[in-house]
Amino acid sequence: MSTDSGGVGSLMRAAREPGVFMRLARGNLELWANLVVITWAVAFAIWQGSGFAITLGTVFAIWAILAVSLNLVVGFTGLLSVGHIGFFGIGAYTVAILTSNAQYEQLRTEAIPTFGWPFFAALPVGIVLAGLTAIAVGVVFNRFRDDIFVLVSFGFAVICFNVFLNSRALTRGAFGIHEIAKPEIGSVAFGSEVAFLILALVFLAVVVLISWFIVSSSFGRVLTAIREDERATEVFGYQVTHFKLTVWVISAMMAAAAGGLFASWTTFIDPNSFILLESILLVSIVILGGLATIWGSILGAMAFVLLEEGMRFLPFLPDEYVGQARQVILGVLLVLLMLFRPQGLLGRYRL
Amino acid sequence: MSTRTERDGGRFALETIEVAKHFGGVHAVDGLSIAIPRGKITCVVGPNGSGKSTLINLLSGMLPLDGGVVVVDGVRLRVIKPHETPGLGITRTFQDVRLFDQISVWDNIMVVLTERRLLPALLERGKSGQRERTEEILRSVGMWEKRRSLAMDLSYGQRKLLEIGRAMALNVNTYLFDEPFAGLFPQMLERVKGIVRQLRNEGRTILFISHNMDIVRELSDHLIVMDSGKLLTEGDAEEVLAQPEVIEAYLGV
Amino acid sequence: MLRSAAYRERRGRILAASLTTAAAAYVVWKITESPDQAVQFAFNGLSVGAVYALLALGFTLVYSTVWFFDLYYGAAAAMGAYGVFYLRTSETVGGSHVNNPYVSALFALVVAGVVAWALYEAFFIRMQGRFTRKSLYIAGGTLTGATGIYTGFILASPDYLHLLLAPAVGATAAVVAGWVVSRVIQRLFSKAGRTTLLAASVIVGSLLGACCGLLLAGAPGSRLYLSWAVSCLVAGAVGVALYRGLYVYMRKRARSPLIMLVASLGVLLAITAATAIVFESAPRPLPRAFGSEPWTIWGSNIKGFNIFTIGVAIAGFLGLLFLLKRTSLGRTIRAIGDDEEVAKVVGINTTVVIAIVFFIGAVFAAAAGLLSGHDTAIQPRMGLLLMLKGWIASVVGGMGNLYGAVVGGFALGMVEQFGIWDLAGEWKDVISFVILILFLSFWPRGLLPRG
Amino acid sequence: MASLNDSFILEMVNVSVRYGAVSALEDACLGVRKGEVVAVMGPNGAGKSTVLKGLMGLAPVVAGQVYWRGERLTSATHEIVKHGIAFVPQGRRLFTHLTIEENLEMGCPYLRDRPEVRRRMDSVMELFPVLHQKRRDLASQMSGGQQQMLALGRGLMANPELLLLDEPTLGLAPNIVKEVFQTVALISERLGTTIMVVEHNIKGVLDIVDRAYILDTGRIVFEGTPASVRETNILAEVFLGKVQRADPDEP
Amino acid sequence: MSIRQIALVCLLGALALLAVACGDDASDESFKIGVMESLTGPGETYGTVSSQAKQMAVDEINAAGGIDGRMIELIVQDSKCSAQDAITAYNKLTDVDGVKIILGTSCSGAMLGAAPLAEADGVVLFSGLATNPDIAEAGDYIFRTAMSDALLGIDTGNELWADGIRTLATITEATDYAEGVRRTSVAQFEKLGGEVVAEERYPSDITDFRSQLTKLINANPDALHIAAQQEFSGGTIVKQARELGFDGPIYGEIVVVGTTALEVAGEAATGVKAIAAVLDPDNQMAQEVLRNFRARYDYVTLPWYLGSAYDDVYITAECLRQTGDDQDADGFRDCLYDITWSGAIGENYSFDEKGEISLSNVVVEVLPLAERTEENQGYKSLGQAPTK
């Protein structure tokens, strides 16, 4: 498809078709980046024991689903959304409310109705709900572009967090919801960590496949065209708003799926997992990994998870500062990327 | 100058009746009534700021009309939505070359050929017909070798050609070219001229803006001269160019 | 059918008008319901509105000059507040010192860098003819180093703030007084000779300066207010350093404003997290400033400090208005906002002027941050929250309009208060953002559009 | 390389300007003598404006030198006006949120001498009485012709030795175009300012200039007096397209 | 590849090395005990005090020769007051460090997140801070020396009623702890016949409570009840309520009369009543713990929780002495069920079948500013809360 502008001069002249070589150069970068990260992950697993690696793997899978889905909007369509965590939260809360079996005898006031649905019945509801929300939000947001879009998406994240926190009759507010069901298919339960990791990876694979299906279709091509020049795309007969809305909804639904997985994995959620900062971190992951590349988002998510967990082992960094230090590093990385590589590590689209 | 009515819909691919557009207090297009004959090459000339580009923007729906009617194939339109213009048989290029910069040359053409509806677009992935058409167009504008590069990495002339190719890919009856020849070197120029002629030979209508009188003379069947948003004169190219007021408008006061 | 732009505009206007009417009717109804609460809400609204207005003023100034969203602005607000905390920990709750030599050195370095650049821009080219390059470098280096070390000392020994700053304040006072005296003498006695002029201004200036310095040195109570000045100046210096060190290069290449936005988001993230590392993430109070006892007016209570904040907001507005409308610098700033390239062509060193704008903007943010910190409390995340509020206030008021910023700030403060009359108080943030989305949808140019 | 001609106060030697891969000006050599009015003409896209932009440091000059009074001009854009070169950009580009008076003052923002600024403003307003009438209005409230007068006035505020005008008649009504040219002639005559004007409107400009350069696709194809321009028929060739152009390689 | 790309790859590689190169060094001889506390985020104060108290206790035990010669080693993880981080921290402790006994965590949310895993893995989770009533039901391996909000709420409700309060306004931080306190207190208060005339909540990150307080004061309640999670916001609310002219009684729990809260509120706090578990002034051990803590860390806050964290370590040490194996979680659990302990927080307390302890709460009243000292923590005890 597209190519990168790097390349070694002499080899470049030798290459008969310039595009091919440039693709190779890009391939090299991807290859190296992936090799490094995968080696890192494997070394980590061997050294730290598989149990912890499985936990990290699950965290990674959830972040990766989120990053891939957000990249559809940010990278492929060019809408820098900082509000994605809202859809993640909608998915998580729907699954939590519908599957939680907790009995709240002692909790006189903020008991919410329990449904006790199985996970796989609740998840589609969450996804659909997120989709419907996305339609409503998207219709309003469709008129905004560039920095104004960023501004209102900030607003969306803040509003979602407040809804999760303050709609106590629905979400139990700050109490959070616990005893969220683990997924089960017939007699196969994904109760154990390994089984859940496998399920999460399956979800990731499905999301990646869907994303790949979208971006490699004519639809995806139109998205990139919209990103480049919305008005010109319109002149060629595309109803741009519909395309933007569709990808926005699809992306929101994927995020909701990640949310459902997350809820089921932790078995307990409260609004603190859906704060604005998490959303900003998510955008950083997408930009870090690379805009408009599925592989990049996966890599970004992996680097993100390994960054934090890796830093836990730094001797000079007190443990309680790991989260903040990660944030400092991400912030500085964002600045450096914008300065030197505005498309992110493996990106195909410069902001 | 003759007056025309809608009855001439068959003869004319596009007509404007008292079309107006103003920006603040500036009347960019001021009650303009022109007709573009079907299957011919029409050229719009006029000094800078005479409203030529605004006219194309109005015809392609990029700007909403402030007044007047556009008649397309006999259908009177007061509002033209940009995404409906291909349906009306109109496509265009831009003066400042608006390509999809960060996607490949190949995809720049493919975008125009593919499905407009959402769901079919999701399911469609480069049908063979589209691929062949893309290849055909890329070869005809001499960009086949460059198909993998990003549009932003092309030279100015190549970008211009690609944009024209992109418009060609859209199989419509009327092409609006905004300064397709500006800033081109002779080699490229010949190529673009060839494309324009070829389109005419296929029976399509072409409207282009140019400042290059050489080309205007050579190509245009019909000439429209604009000045200050108004129609100065129109008619056969050689005849119009012979008129002293055109030279006046063009070369000075 | 696509409606014409005029139709959409009209529809927007009708919607906006009906919304405003509805809001006004609601407020009036509520006031008749409980005037006491209404007065108290109005006081609260004015207090927070003043902070929002200050934020919106600086935000609008920066935005309408460079036309991109600079999120460092939020970090500047937090830095202003934490600067005071840093310098005055001994007086704050907890009582432990957080003063850290590395942090002091870092900021001293930043200030020194900014001073070095300012010296270069101001004197290097002008002096090049008269002195050799080498001597200029040496002089500049010495000055820079001295400033850096001085700043370092100030930051590192907050207990002696009044003593350390006394010479600087005295010198500033001396220069200002001397200048004023010379101008006055010129006005009154146009025949006065150069020598008399010089002698008079030097004598008066040095006397006044010494007086100021000595007074300050003997007043340890002034340390809190000196720390305000220091933290505002440091936040401003960081703003300048970011502009000159980062944004200048980025703006040359940026294809879209998003690059600047994302980069400054990175800056905000990093500074917020670094603040949390140095100062811990829990909220902290600032030491008590004056006016912390409430006054009762019309049966409702308001602190003297809140009235001071409102005064600062209005003074800031008037000052900015004076700067922009009456001074040549302000004219230059407005010109750059209109057309940066032409401003360059007519002979304005746009980089310097924009740096000054960033400085002023950051000082406004820092002032807002520390005032709200004194009023309530500080926490590392306050930057992001305050910035968003300032942002919303300037959108509500109209981007790029000073009057709009003030009106928007106070309006947002009021809406937040009156909006929760019937809703629960925790929906405050939601109300602000709903207001934002409503405004952007129907009234994107704000209450008072620019120009 | 052309030798430096002492009578030129401004001389561009072999200047080339490129935007990325696109060459906008190639090997341009041109000069302006003191007190002259010089036109740079050519069809759209010929690189006329690029000449001035390169001179002002607004376009990337990749080769060649610019000499101002015999010395190389290497200053940053904002310093150039202090050498006595004022630039009136294309499309007027006024400071729309400033009043007319303020716009004029912006012509010499570096000047600290208030009385001198006042004096200059008075002389500009004398030249353009319309500005005096509306001096408290915003620049955006004026008509196109008045805006052009203001732009010229802003340029004159710098008391320039050389005034660079980029397409001063662009988008103006014919009668105003005439007025603008008269004004340019007046400036040259009354103030003795050297003027370099980039123009596509040939006839009007030829009446007021002493010399003209004609550009086509980034190259200077002709230099001479208005009379010689009229004689050679070069205009029709370039503008109406009959000239045999060099065949440069595609960039 | 361009230099830029090489640099990027190098950067990634360096980060990878960074992660891999830093190994851990643990001696096999010592007992390894995991600690999860919220060291950052909204529960920071609690987590920090708790983990410092634990470290102090461990250092004391080790200095005295350890447990039969074996030292105790604490492995501390930040659980950040969030379920997700608690799970990550839990997994790291159990999988990487292989611990079976975890002291913590400080937030109920984090506790509830990790509890199902601990229950499934057979890992003991032993907290001195989490007070959510739900934790009682969380499982067999879950213990705490913190008292459930249910008890606190009943005492608060009784005290309010006994003081003649009939209408109440509540302001509550939107966290699980504060919501729990409010919920149980209001339940008891309403059971007795009281009426809540206004209620407001606030998110943890705001510092301006005036608009909420204005509404509450305007409802004209007999008293104001504050349920805060952070001492800081508790103190600020007291201060701002007084600034807004509220002169009725104010009630809260331990957070509202914490050291920081009192410093923030200053004179405004005088007369504020809190229902809380307080260290007995006559308990020598408790006083010694506080003295040692102040000597070591130069501050004291939340003395009761400090004491409970301290006790946790000594209880753990005792049970380790009995089982002799830090991997024997079941033995440890049984030991906890059997044990009766006298420590800083009380005499002769033991765990019931839900892993809970029950001690009594007292009512305290804040002294005027001039009378507050480090020793009296700024308040005086009014004795036990009335039972009816």
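Going by the order they are written in, the chains are A, B, C, D and E; count residues from 1 in each one.
The rule we apply is simple: a contact is a pair of C-beta atoms (placed from the backbone, for glycine too) under 8 Å apart; a residue touches a chain by one contact, two chains touch by 3 or more.
Source: prediction; values computed, not measured.
In terms of the stated touch criterion, the partners common to chain C and chain E are A, listed by label.
Chains joined by the most contact pairs: A-E. The geometric centre of chain C is 41 Å away from that of chain D, both derived from CA atoms.
Centre-to-centre separation of chain B and chain D, using mean CA positions: 32 Å. Distance between chain A and chain C, defined via averaged C-alpha coordinates, is recorded as 36 Å.
The distance from the centre of chain B to the centre of chain E, each centre being the mean of the chain's C-alpha atoms, comes to 73 Å.
Shown for chain B are the residues in touch with two or more other chains, of which there are none. In chain C, the positions touching at least two other chains are 276, 281, 381, 424, 426, 429.
For chain D, residues touching at least two other chains: there are none.
Across the complex, chain C meets chain A through its residues 68-69, 246, 249-250, 255-263, 265-274, 276-277, 281, 381, 384, 388, 391, 395, 424, 426-427, 429-430, 433-434, 436-437, 440-441. The part of chain D that touches chain B in the complex is made up of residues 21-22, 43-45, 143-144, 167, 170-175, 177-178, 200-206, 217, 235, 239-242, 245, 247-251. The part of chain C that touches chain E in the complex is made up of residues 34, 36-37, 40-41, 44, 47-48, 93-94, 96, 276, 280-285, 288, 294, 296, 300-301, 303, 372, 375-379, 381-382, 385, 416-417, 420-421, 424-426, 428-429. If you check the complex, the residues on chain A that touch chain B are 1-3, 5, 17-20, 22-23, 213-214, 216-219, 221-222, 224-225, 227-229, 231-240, 242-243, 246, 348-350.
Within the complex formed with chain D, the residues of chain C that make contact are 125, 328, 331-332, 334-335, 337-339, 341-350, 450-451.
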